[in-house]
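Supplied in structure tokens, the structure appears directly below.
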Amino acid sequence: MIIVMNAPTAEETARVLEKIRHSGLEPHCLVDRGKTIITAVGGADPGRSEQFERLAGVERVVAVQTPYKLASREFRAENSVVAVGGVTFGADAVPIIAGPCAVESYDQFRETALGAKAAGAVMLRGGAFKPRTSPYSFQGLETEGLAILRTVGREVGLPVVTEVTDPRAVELVATHADMLQIGARNMQNFALLKEVAQAGRPVLLKRGAAADIQEWLMAAEYLLSGGTAAVVLCERGIRTFETHTRNTLDLSAVPLVKHLSHLPVIVDPSHGTGNWRLVGPMARAAVAAGADGLIIEIHPWPEEALSDGPQSLTLANFRQLTRELAKVAAAVGRTINSGKGGQKR
Amino acid sequence: MIIVMNAPTAEETARVLEKIRHSGLEPHCLVDRGKTIITAVGGADPGRSEQFERLAGVERVVAVQTPYKLASREFRAENSVVAVGGVTFGADAVPIIAGPCAVESYDQFRETALGAKAAGAVMLRGGAFKPRTSPYSFQGLETEGLAILRTVGREVGLPVVTEVTDPRAVELVATHADMLQIGARNMQNFALLKEVAQAGRPVLLKRGAAADIQEWLMAAEYLLSGGTAAVVLCERGIRTFETHTRNTLDLSAVPLVKHLSHLPVIVDPSHGTGNWRLVGPMARAAVAAGADGLIIEIHPWPEEALSDGPQSLTLANFRQLTRELAKVAAAVGRTINSGKGGQKR
Amino acid sequence: MIIVMNAPTAEETARVLEKIRHSGLEPHCLVDRGKTIITAVGGADPGRSEQFERLAGVERVVAVQTPYKLASREFRAENSVVAVGGVTFGADAVPIIAGPCAVESYDQFRETALGAKAAGAVMLRGGAFKPRTSPYSFQGLETEGLAILRTVGREVGLPVVTEVTDPRAVELVATHADMLQIGARNMQNFALLKEVAQAGRPVLLKRGAAADIQEWLMAAEYLLSGGTAAVVLCERGIRTFETHTRNTLDLSAVPLVKHLSHLPVIVDPSHGTGNWRLVGPMARAAVAAGADGLIIEIHPWPEEALSDGPQSLTLANFRQLTRELAKVAAAVGRTINSGKGGQKR
Amino acid sequence: MIIVMNAPTAEETARVLEKIRHSGLEPHCLVDRGKTIITAVGGADPGRSEQFERLAGVERVVAVQTPYKLASREFRAENSVVAVGGVTFGADAVPIIAGPCAVESYDQFRETALGAKAAGAVMLRGGAFKPRTSPYSFQGLETEGLAILRTVGREVGLPVVTEVTDPRAVELVATHADMLQIGARNMQNFALLKEVAQAGRPVLLKRGAAADIQEWLMAAEYLLSGGTAAVVLCERGIRTFETHTRNTLDLSAVPLVKHLSHLPVIVDPSHGTGNWRLVGPMARAAVAAGADGLIIEIHPWPEEALSDGPQSLTLANFRQLTRELAKVAAAVGRTINSGKGGQKR
């Protein structure tokens, strides 16, 4: 922790030095043209820095250590590999997860699942509990949707991931799904994170629309410190002034997170753009940037979808895309994890 | 709903018209220099518009009706007044809520509460369950904090508001607090909103850091349609590129929300700026802009606070501020609801 | 300058130390749990820090000194007062500048000017060169507009401010206007800033829509170091994800800039909101927050305005507003500088 | 143009209808649950819509036609190809432009240029006039830098692009450079755009850090309507709340602009990220997303660079990258335009 003071009095400096020593840290003090720079060395609690900002004469406090530990590259130098059924995230292969925004019926989900698998997807997605901006919008089939997810997943032979939005539903969802998704709106729903950390399932943690990289890694830290080792991060776009896309897909987060953390990072170009025309180019770009997987919304009849139709690919679009992705993956020394499919638990 | 098509074929136009009629709506079609403009009149479900965006030839779909109903000025022309104990939000008086970020101990909260009341606050705030970015930061006293809140509130004779972060804790919090707060991070935690809507307590709904005005009103709609009539909105800053303040306090939201909605709006200049030096000016500005109340973080010893010390006023700062606020309120034809204090339930 | 290195080798550390010494600075080195913290003391050129970021082992470089000098409170402790004609910015009085977005004709500008003065404005605004997003929009009356500005300003007896957008036009504009405005789009048009700095006129420097506080003060530094002592800053809203207002008016910039700098700060609630309904509340809020002036768009017939009609007040709206502002100013110990009017040069 | 009115009176509706007819347009009126929807058909001036927003009863005005014409896909269905020397943008090949942020000396620029060409770059970049946030930072070698640019470009046999920041310098820069760059800060410097449009050189138009897609295309429209046919767009990152990168590189702008416009789009991953570690991944991603070129900062000794060292690749980094890019380009059916080099004018 570094404390910068602006033209402090001797008493103000003494007060800061005393408080640093009282915290069990060792202060080192320098003066540079009106500023006093105090470096506090030792095992500081990161939350402690706030207490220094309010002291008289203090201009600002600069943290030196990253506030995340278990999620950091310092903690673990090699890439973590997360396995879900037979699918692995963080290894050479780049798995593709596909499926509809929402599970709408057995027939819709089964047709989508078969098409997804045929085109090379190795895991299925589908929402049963849908967080919707409007209370009057379709909220998902809920428990019935979970049953369809599990049934179709087994029939088709692919693992499934679905979002959980309520700590009271974690146990139920965990009995139906192979991987639990924390959605963007819930990235800092800490009650939910703590419950999911103990569910015994791998977790897909989406980045919040207003979360910076550090906050995202701190949310992962809740999961890792709470009991899960198997966390996959998912970039899905941030909120910016640009309204021509639903979100601004921040692909630079992929190499940056891989520099700061050992966790796998996948990309959701569907929510990231909100526009099916942009999904293909951004999926290709994600693989080229080093993404460890993709999660893509597809629908057999997008114009009839109960949610997110505008950003869903048709099955034909998706087949075309997986062929393109295989080439891009090869160009960066990886493979699209297709053909073999994921193996069910 | 208005559908703009770009140089559609006759088949594409026919498909849109058919789908509109099939939805029970009546289409009206115009052509203007390459664009076909179709206005669909009738009782459309707002979620329906997504299904049109994906149809071939459609460029975009423009909603005509606001998606919030119960929260709108159209639904209720006069201002809603929300009463909590003897305190009212939305009437002429401008109540001030004050207290520490977190309840840290009986002594800390009681001293703060007495100082707050003496300075003119009519309601107390204090966190028992704290949503913290880091799992290693102080998470609040939880149940013990709730008990302190209730005890001190009764001793001092002021109603209390506290945040609830977990749907499983709503009933417990509702037995200890006079008003339930939904924090910014949980504004779109719909499981929580639905549970809080049925708790039988007035609700303070903070704006999410990445929520626009419409999404904020939609979150209020979850509460209103779920069973609560008593909702108070709270502007607390949005996330922008500006890092010299913790958030960017969007004071224009106050007159804008009051134009669009009948609900009271208060302002939190403490989280809105993150800097105690800016709290006073922005509190005064909020009252001048028409805010229906203020919620301000104060602490008897901010430099020892376990959270949010940098943005907390001392008791002396706060006394000075309430005197200033009384003058600004008078200048805009209102009063600061001080002196009499709120009456406990 | 503080350099944080992450687990550097001895060679990497030695390279940084050598480079610091070579820059004429004195390095002080500390090690704290894997991080090496090097504080460089001495008269560093601020631009120098970039050269350290690229050295092997360096994680980041933290500047200690503010990069602006002449604009800082450290340079000048007391508030600067800028005089334009008989109008002063930065003293107790809060001057109101009013006028149309664009000068459209002699009659329009004269009617506006008379109404503005009658209502208490002490300076006139009006655009002759209009920076417009579209090449097909009205670009201003240009030279003819300048002549109208000067003529009407003299007839009415108020000083005028107008925007200059081209370094080649600075001399011409300076012969017609009492104060030169740098618009938000040109805040970092350094060729223009350098020219305006030498024009011998006070300058109104609007904040860029994507400029943070420090960049804004750096733009002021271009003016101050280039030859102008008389700079007035103008907050006019920043670009955020919120689309219900044209910009997000960042009123907290007012007290923050006044803490960091000695320069006067005024507020433009018209561009800051883009909506005439919000201009009054935000003008009141600005004065309550400590603004040193206001600049407000008014138009005798806003629905006929060639630009910015939606955010312009009518003359009747404006008269009502100045009465309200006088009360708010009194509440914060200031006065609206009205009645006497500004005196022409 | 569509005008939505909220519960208007008969007089208010009549006023809008009259004004539409007076503008030479034909109004069509529908009523839908409290809203009156008026569609105005005919050759409206886009700037006209503002005049309707201020009319009583009007809630909002929705434009139907895009405000850019010459830049639109409707105007020109096939991709435009822009040639600079022997280099083409918008065809199958993906040219790479490389060079230092600033021209610092003949030796530095020549060494960089030779390394760039050897690695496959077909055009050179280098700043002579540098727009710098601080007046105290290195501002470029200016005229001397231009001479070095031209000399080295001819010696090495590659065309050069450099930024012009002042309308008075356009002619001079145009005699030294093969392509003129409008920088991000000047995207809406309309005086500069108008001058550059007449300089007879192809133009590289960077996106402003706070410009949305439409504003960027409108800036291109200034160039196209002002006399240049040869415009290449350059995405270089937008300003968002994320501070871990210098900007947020909005790669989705590439496929989106190519959908809306016929103009070529290239990507600047150096300014887009501000971090040399992210330049390679984002350059690969840009090509995979369909970019028509890249502009990359390189420096023989980045740690000595006078500006932008932290985001500059070494020559060795750059050679490695061009090999990777060739593979990605092949995967998406394109080629990196290397080996042959651009031919000088």
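Lettered A, B, C and D in written order, each chain numbered from 1.
What we mean here is this: a contact is a pair of C-beta atoms (placed from the backbone, for glycine too) under 8 Å apart; a residue touches a chain by one contact, two chains touch by 3 or more.
Quick caveat, the model's predicted, so the values are computed rather than measured.
Greatest Cα centroid separation from subunit C: this falls to A. Centroid to centroid, with C-alpha atoms defining each point, subunit A and subunit B lie 27 Å apart. Here the spacing of subunit A and subunit D, counted between their Cα centres, is 31 Å. Those residues of subunit D in touch with two or more other chains are numbered 210, 239-241, 243.
With chains as nodes and touching pairs as edges, the resulting graph is complete, every pair of chains being joined.
Those residues of subunit D lying in contact with subunit A across their complex are 210, 212-214, 238, 240-245, 248-252, 254-256, 259, 272-273, 275, 277-278, 280-282, 284-290, 324, 327-328, 330-332.
Of all residues in subunit A, those touching subunit B in their complex are 19, 45-47, 50-55, 67-68, 131-138, 165-169, 185-186, 188-191, 208-210, 215, 218, 221-222, 225-226, 239, 276, 302-310, 312. Interface residues of subunit D, counted against subunit B in their complex, comprise 2, 4, 6-7, 28, 30-35, 37, 39, 41-43, 62, 64-65, 74, 239-241, 243.
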